[in-house]
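The next part holds the structures, each set out as structure tokens.
Below, chain A partners chain B and then partners chain C, in two separate complexes.
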Partner chain A sequence: MVVHPVLLIAIPLIAAFIIPLAKKYGFAIAAGAMAFNMGYAIGMFSYIYSHGKIYEMIAGFKPPVGIFLAVDALSAMLALLINLFAFINFIAIGKEWNYKFSMLYLLAIAGSTGIVLTGDIFNMFIFFEITAVASYALIAGKKDEKAIEGAIKYMVLGSIASIFILMGIALIYSQLKTLNIYDIAARISSMDEKIKWASFALLLTGIGVEAEIFPLNGWVPAAYQGASSGVASLLSFGPSKAAIYAIARIMMVIFPFHATYEIALYVGVVTLVIGELAAFMQEDVKRMLAYSSIGQMGLILIAFSLASQNIQNALIAAFFLIISHASAKSSLFLLSRSPSMGGAACKYTGIVGVLSIIGMPPLAGFWGKWYLMLAAINEKLWLVIMLVFFAGIVEAGYFARYLHKSMGNESKLNLRYKVAMVVMVSFTILLGLLPIAYKMASLPLWGW
Partner chain B sequence: MNYALVTPCYIAVAALLSIGLYGVVSKRNLMKIFISLSIMETGVNLLLITIGYVPEGTAPIENANFTKYVDPLPQALVLTAIVIGLSVTALAIAMLISYYEKKGSLEYKGGMKW
Partner chain C sequence: MLDIIFAELIIAAIITFFVGKKIASIIAGFISILPLFALIDWANNFGFKTISFGIERQMNISVAGITLHLGITPLSWFFALMILPLFPLIMLYSYSFFKENDGFYPFMLFAFASTFGILLSKDMLSLFLFWEIMSWSSFLLVYRSRDKEAIISYLIFSVFSAFAILFGLMILWHENFSLLLSDIGRINGIYGFIAIASLIIGFSVKSVLMPLHAWAPFVYSKSDEPFVAFLSGGLSKLGYYGMFLFLFTLNGVKILQNYTPNVAWNYLLAVVGSLSAFVATMLAIMQDDLRKLLAYSSIGQLGYIAIGFGIGTPLAITGALFQAFNHAFFKAVLFLAAGAVAYRTGKWKISELGGLAYRMPLTFLAALFAIFALAAIPITSGFAAKWLLYEAAIQQKYVFIAPLMLIAGVGAFLYSFRILYGVFLGENRYPDVKEAPKSMIAAMFILMLPLIIFVVFPGYMLDLMKPALSNSGIESIAHTKFAIETSLAKYNSMAVLITLIAAMVPAFIIYKARKHRITSFEDNYLAGEPYEFHNPSMHAAHNFYKPLKGVVLPYFEPGATYYFEKIYKGIGILSNGIRRIYTGFVQDYAIYVVIFLLAVMGWLIWM
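The block that comes next holds the complex of A and B.
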């Protein structure tokens, strides 16, 4: 069997273009496309797991010319995660909206999937724009004052980000006359030193806005607070995860230098501490979850930045942190639709999600922090270890307050929401059991 | 290499980018902010075109009379970037209309609240 990763991007795009022609069947078409994508992503992941990396050349142009997709185990895993959660989330919330919502949702998913699969920096820029434009519209979809304000904030910062990314790409192109990331990586040493660092700074700043990295995340609380809970859930497992992976890929493939890892480490630590402290001070549930997301993105960036010395532990840590954050935070956002969380399903979701984010064994969040600690101990980064523990304690503090406040009254969530969030949050338990059953160090996440 | 044409272009790029950035950080009117963003986008597009320029090159169309032509790839990139910029601007204006309907003004009052 030959796998074509490009279908994961093409099918939702085509479906998104068909939906306005068949408005009545918008929900069905979108759900069908996402079900296909989910199945295909599972197939692709198992194929890559047994056969190794896939390179796909579109229209038969050999690299470095032509559009090019490069899929390794980590990007296949992220594509699977995004498409799986997108399907579950869409089944829960899609019926509340009209066909335009289904269309935008498909565009956001196609864009996020494209970011993780592409091997070409200009295509990465285009997928960023597709994702960002769809997310602006999705956030504004609630049409009240807060939603529109959040969307406009995101839009201003997102447009500046896209200008920075494009400028970084222009600088790289001016020196190397290529856009393929492996081709750039092979010839990066022939670049002018100043232009190289300028382009890295521009790319990190630009993508950092989408990846919610401090101090570029002024849009995050407003956008998450304004968006409906389903869209906030989408934002926390889709675009932000794709963007943090894009930073990791640019850092590890194109700029694998000591200084870039160090910059990422500092940025990650500052993001973690400030995000968690800001979350501690929030009154509004969605704002608190948004700041907590910022902190978690910092943690994921720390995990990636430790990959220079001990790549295996660092990538396993990033893998678990991404899974834990995506599944726990997107279900907590669905839960936040109703202020109280009485009832077994809601209590289960709330408690498991919170415990996974804090990092309690045997949930996925625990293994993320565990392998992060192993990697940090190898590099003797005691201050980083201390700050990660400190952030964990702050997290425990505000999540305990959150649980205490919202337990009690019966929640008004309908059955679709309950099923979706229980399924999503169960992934942290499922994957938390994985390291007990398998020897994780043998998991080939990168390269080979 | 003949810099006579390229240098003014780079100066124009720097000017457009700084005018745009100044507008984004100093103006409170949202329409003016989005106009400034469009100016910045134009600056980046000009940068891409200037990078692809080859002195005395012609348009990249295959023709036996000309052998020297400018790099076609940045032009393709700029076409894409222009389309993206257009769609973002269109969406922004649509959103500003509903912002105006809600607030009765295009001035942005709230800061970046933490």
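The block that comes next holds the complex of A and C.
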């Protein structure tokens, strides 16, 4: 095998363990590891783009016994997205913090990448734990009252979530004696009906806490508001995207049943509407963006749940929505550090980010909206379509208010922030114009 | 060639980000002439002999894995002819309008390119894509106004309109599984009805039909004048382009009729249009802000086009298209003239202006001429258009619509008289003001040309729209160069003009022969007190239509804006309610998690 996806997880983990030994060079080591990861993720992505899906067995043990990484178009894209944005974001904010921050940041990234790449459900749980623990500490890192409040809320809910995930896995293991996702998928029909549903409910609830779906997202507003803008940016492109992908995979691969899609669809719609409505009157910018993130996660979940019926269009929609949301929201969070959008860089970052989330062409959000509608109209989901439209109009309302309110001439951001913002937001333009996503959506996925 | 034109427009838009304001306006002006060459070339296809530049009629552009089908149709050619020529002239105008280049030209060029794209779209995706580009580029131009109401209402209504259009297009796609517009037509039943209705609602946002006009008074009155001239003159016509396309060219009327044979939906459109014309005119009469007045006037005048589409006879549609063409030019001139006045005086309120005709005679002339067209006075082509519409309404015996149109027509005269009297005539309040810059004057005068040409030769206008009408299966009206013949009457422009001139000349001679005694207003004493020059209550335009105000305003004052504000506030209350779910106590959140788990588990196990 030419590509070794395991390096994407191993290198940041090793670097994170080295950093406490060489405190002085914390930033440099972390930046180096992330630069490597970014390059490697790009390489892996281009390999997948031309060769299709790959897998890797760790230490030569064959599945279902050994640890197993499964990389397909979606996971390669997410791994690239997470590692690329992590590097850009870290270069902007890393210098403001000490070596502990660098270490935790690396752990969060390694965990998120692991969730995306792993083919083993127990490993997924471990990576969730790594990501979550690192995120609690990163949020609390600002050390003021709000930050600690956010971190504690996230920690309480995260702990409950991890227990639920573990219980779900235990139920599956008790029946099938396997942890490999594809092995479970192959034998899911032999499971006891009730235990099967119970394990799905437990997994959905547990991962749903990380994926910010309603009503499991109580921690979101507090955590995003309390965290420093760089960490809020990390949360919006890293763990949350990995978690929503994990839900999609559990739904599509392990439990490909009508009932699960239905639940995901309803949960997605409710999350979308509640998130957007809650953002509508919110005055605090970070809190507003957090609620808006909730809404967008609902939209992505809708796209994934439609993938069961109309896989091509729904997958393209999910690709574009993830790209649009990750690039727009993480740059808007960086921008939220300054109360007003002064200067061309800040102004146009804010505008492009908002327009992409609202769904204006040729930005990625537009294609997300267009293909989501193509997939939804095929199923004649009139109510869902109406609610998506309603949510879109509400979204336009508060984003217009946001753009008006943050109009100004001064900007407190330094050059590194501005560069990071502009680079991040330019991905929504770039990927709106490049036909990568169409090719990616036509590639075979593991087990879908 | 088409793709090159688009590429050049976009490259020009990017260049204008970085250059000075004068160079930007020159680049934008010249680059936007390119599509006009294409229009001249395409005229060969529609029965006119012109020069050929070898620009293709059809083109498929592949971008980002999808194909955009572009091509010219007779309908889009006619609309392009009315919208696109405005742009270079507005650029000429703005050459001296702006103090600095801060993002006006790039977005204007994007709006222009997307307008061209909308007109050329032959499939749903490109129609919607360009429609959205037009939405955001015009939103960013509204964003420059820094006005809260304008920004929020414009974005919300744009998104609403885009979703309504998207919904309609998606249903049409789902019924035929083809994105090409030419494949529409095999659709019947409730889906066809919903699709067409949804499209009409979506387009009527842009064409400011009541009650979806609520954004327009804010946006028109707060944004930069050159942009507003393009928005009102050009972009609003795109809404009517969409309506015409789906109602007549793509057989929307038949789809509606097949589903509900007993309901006259076209009558509803005509009623909405006439109410729009009537109410907006009444509100325009009451405005003191010149821009607000023109905004309401736009809403009113655009309502006439909807009346024409609603009546739906060949005569009415001809009148509506004629009115659309005129409106593009005269409203652009009016907004530009208002901009020129503000450029020199810095004032927008009619009660603070006055007597500018002495200092800005050329601006006055342009505004006067545009007002003639607006009030349908026969020396401009505005008369011909309204005449056709009145005649169509009378012919169909629409007893509700025809009187409303007539009242609105008189009302248009009332408010335009107010512009003349309050802004340009009366005592000269600005003795030191200079005439507007030459580029502005030139732009306004060139924009007046079509209005003059088509009053003398109304037949030419009918020739221009003939391909569009015959392509949609509508017969065009019998006409010669000077005369339009209808079943009720014959309109001969020459006869009307000669009569008018014959009446004007003696009046002018009598006016000149009389002696005029001019006294300064400042000599007056009122009850022993010296007259305060700048007391607003002494202005000629103060409380101008006071009696009318008391009668009319109480009924119209709440208006659609009031109800939309209620909805906005209602959503706000809903939002505040929903935010209570997020109590801030992590114990509650933990309970939510458990409830969710039990709910999902229960649903799955028992369902």
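As a convention for this text, the second predicted complex is superposed on the first by the 433 of 448 C-alpha atoms of A that agree within 3 Å, B and C clash if a C-alpha of one lies under 4 Å from a C-alpha of the other, contacts with A are read in each partner's own complex, and residues count from 1 in each chain.
Here is the rule we use: a residue touches a chain if its C-beta (ideal position, glycine included) is under 8 Å from a C-beta of that chain, and two chains touch if they have at least 3 such contacts.
Everything quoted here is computed from the prediction, not taken from an experiment.
*Asks:* Counting only touches as set out at the top, which of chain B and chain C does A:G218 meet: first, second, both, neither?
*Replies:* both
*Asks:* In the superposed arrangement, does chain B or chain C reach more residues of chain A?
*Replies:* C
*Asks:* Thinking of the overlay built on chain A, is A:V156 touched by chain B (first), by chain C (second), by both, or by neither?
*Replies:* Touch partners of A:V156: chain B and chain C.
*Asks:* Report for A:I377: first if it touches chain B alone, second if chain C alone, otherwise both or neither.
*Replies:* In the superposed model, A:I377 contacts chain C only, not chain B.
*Asks:* With both complexes overlaid on chain A, does A:A278 touch chain B (first), chain C (second), both or neither?
*Replies:* both
*Asks:* Of the two partner chains, chain B (first) and chain C (second), which one does A:H258 touch, if any: first, second, both, or neither?
*Replies:* neither
*Asks:* Contacts for A:K24 in the overlay, against chain B (first) and chain C (second): which applies, first, second, both or neither?
*Replies:* In the superposed model, A:K24 contacts neither chain B nor chain C.
*Asks:* Just which bits of chain A does chain B share with chain C as contact spots?
*Replies:* The overlap between the chain B and chain C interfaces on chain A comprises residues 152-153, 156, 160, 218, 221-222, 278, 281.
*Asks:* Any idea which chain A residues touch chain C in the complex?
*Replies:* 152-153, 156-157, 160-161, 164, 193-194, 197-198, 200-202, 204-205, 208-209, 215-216, 218-219, 221-222, 259-260, 263, 274, 277-282, 351, 355, 358-362, 366, 369-370, 373-374, 377-378, 380, 385, 389, 392-397, 399-401, 403-404, 407, 432-435, 437-439
*Asks:* Could you list, by residue number, the parts of chain A that touch chain B in their complex?
*Replies:* Residues 122, 126, 129, 133, 136-137, 140, 143-145, 148-149, 151-153, 155-156, 159-160, 162-163, 166-167, 169-170, 173-174, 177, 179, 218, 221-222, 278, 281 of chain A touch chain B in their complex.
*Asks:* Provide the residue numbers of chain C that touch chain A in the complex, in ascending order.
*Replies:* On the chain C side, the touching residues are 63-66, 125, 128-129, 132-133, 135-136, 140, 143, 146, 148, 151-152, 154-156, 158-160, 163, 166-167, 170-171, 173-174, 568, 571-572, 574-576, 578-579, 581-582, 584, 586, 588-590, 592-597, 600-601, 603-605, 607.
*Asks:* Which part of chain B faces chain A closely enough to touch in the complex?
*Replies:* The touching residues are 24, 30, 33-34, 37, 40-41, 44, 47-48, 51, 71, 73-74, 77, 80-81, 84, 87-88, 91-92, 95-96, 98-99, 102-103, 108, 110, 112-114.
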